[in-house]
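Letters A, B, C and D name the chains as they come in the text, with residue numbers starting at 1 for each one.
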Amino acid sequence: MRIKVFTTGGTIDKVYFDANSEYAVGQPQISEILTHALVTAEHEIEQLFQKDSLDITDADRALIVRRVGEDPAHHVLITHGTDTMVETARELDSIDGKVIVLVGSLSPARFKGSDAEFNIGFALGALQALGAGVYVAMNGRIFRSGNVRKNREANRFEEVE
Amino acid sequence: MRIKVFTTGGTIDKVYFDANSEYAVGQPQISEILTHALVTAEHEIEQLFQKDSLDITDADRALIVRRVGEDPAHHVLITHGTDTMVETARELDSIDGKVIVLVGSLSPARFKGSDAEFNIGFALGALQALGAGVYVAMNGRIFRSGNVRKNREANRFEEVE
Amino acid sequence: MRIKVFTTGGTIDKVYFDANSEYAVGQPQISEILTHALVTAEHEIEQLFQKDSLDITDADRALIVRRVGEDPAHHVLITHGTDTMVETARELDSIDGKVIVLVGSLSPARFKGSDAEFNIGFALGALQALGAGVYVAMNGRIFRSGNVRKNREANRFEEVE
Amino acid sequence: MRIKVFTTGGTIDKVYFDANSEYAVGQPQISEILTHALVTAEHEIEQLFQKDSLDITDADRALIVRRVGEDPAHHVLITHGTDTMVETARELDSIDGKVIVLVGSLSPARFKGSDAEFNIGFALGALQALGAGVYVAMNGRIFRSGNVRKNREANRFEEVE
């Protein structure tokens, strides 16, 4: 099984810079996470961009869809900010015949007690077992694109009722 | 989906006790891992025993098979020491019609940089997407029971050739 | 030896809030740090305010000086943001006969690999051994108030030449 | 100020090896701790041996005393297992005119929530401020050699009454 990982930024990759006392999206953390987790599944990581998902434009989203579509991999994992993950998932629905899983984290991977390691593991486990379709993997649950929303008050993903 | 988690001990639950300068299998770590990961998937955790998997006896293994078989849950996750995880998986093959995933870690969950959070996430993601059968989820890969072994020199799981 | 700890905020206490995708000064981390470190030295912690040190006003600084001066403790530790730690130290020079150490961190205590635990330990060790005076304890070094500045480009404290 | 660090092993350096399902004293962790803590104080680290302190012999202890005595540094930090730290401190009392601080940890540095980072910080802060003598720095307190013991039941250091 050939797995392709695209990274786009989001909270999972947020780091803190003291020099200017702010924080921003940094380098993709997934590579380090997979190394620590002793993952031997074959995979290739490609960074598309490093953005807070609120800053992702229509053009950025079109780029994601195009790159996922043209990549030879049948199984695609996308790390993405949580605020507009659902919108990007919906755009990806136009791609047929691939297993596509979007994942992010509610706390930066660099934080102690972050949900990032678990979430990346969860998404990768789901990716290898699911049939074709577009999915959001968050809070230890697999949601179908089109049937999920982020509940910002409760800070979790849930099904659309 | 109703998920049942059985814990049996293993490296994942190993802690260090300085009072007597040794280390041993402690309380199950999975509950804390699922809490940190903000998991909202419904699940129930039950501790069967706390053992290094080299100390698991035939009677212990029979207990695992019996408890998994009689539990009403269709999806079962088992945390287990890695040294004899493959043997326990083989015994569980006698159970039909359930999705059963075994998982552990090569480094204690309490260690910095442990593979435990990722592995638990990976196993839970696979569990929810797989069809009926018995599986070992380690090193970011899903193995079918009967087609997996632990390579102790390389400290990883791999397919039987 | 009676040790009093005053907290004022700063990077050491910064946490990340995903609900609104920002981060801010949170609850003082020093209490948890001292508990994890199994500290048995008697101490009392009091929160003065929770501010990024760039937002500390003259009135805030006057409050710090007044509270340190009137507290019965001879040994005082102050956690403080790094950007204006040097200015607060200078104001504290007006207090005679006490050992006063200011400390903070360049990375939030909640981050993996943060300098917070080390720094708090360092400052507390110095506090117990130093004679009366006002000191800044950062980067594993003890600086006298009036002879220290933060080099923002290099992101470290150094002596004034 | 020239600081010399000697490492001798102990819990602070304990790591877990799954290959043979045991744990043992590994490489000194202090170098990584000082790097993470962004320490700019000049120092030199030398490994004397890697031993659980219960296994330290009279000959090992004589080696420590000899190497500390002949080193040109006036300020010496020694990382050491906690079980016989007090005995080694007593042997070092024969050295005059140097500041010597012994430190270790009750939980391995590689564990989440370990006291190692704090303790190393604490000892280094005390070292730079103390006058000549031999000290044990544990539990956030500075003890004089000859007036300290490890209370194994309570798992902490305390003064001899």
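Convention: contacts are C-beta pairs under 8 Å (C-beta built on N, C-alpha and C of every residue); 3 or more make two chains touch, one makes a residue touch a chain.
Given the structure is predicted, the values throughout are model-derived calculations rather than measurements.
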Which chain is most remote from chain B in terms of Cα centres? C
Centroid spacing, where centroids are CA-atom means, of chain A and chain C in whole angstrom: 38
Rounded to the nearest Å, the gap separating the Cα centres of chain A and chain B is 26
How far is the middle of chain B from the middle of chain C, if each middle is the mean of its Cα atoms, in Å? 44
Where in chain B do residues touch two or more other chains at once? 106, 112-113, 155
Testing understanding: with touching defined as stated, what is the shape of the graph linking the protein chains, line, ring, star, complete or other? ring
Note: in the complex, chain B contacts chain D through residues 11, 14, 16, 18-19, 21, 23, 52, 54, 82-83, 106-108, 110-113, 152-153, 155
Residue set of chain D touching chain C in the complex reads 33-34, 36-41, 106, 113-115, 117-130, 137, 139-142, 155-156, 158
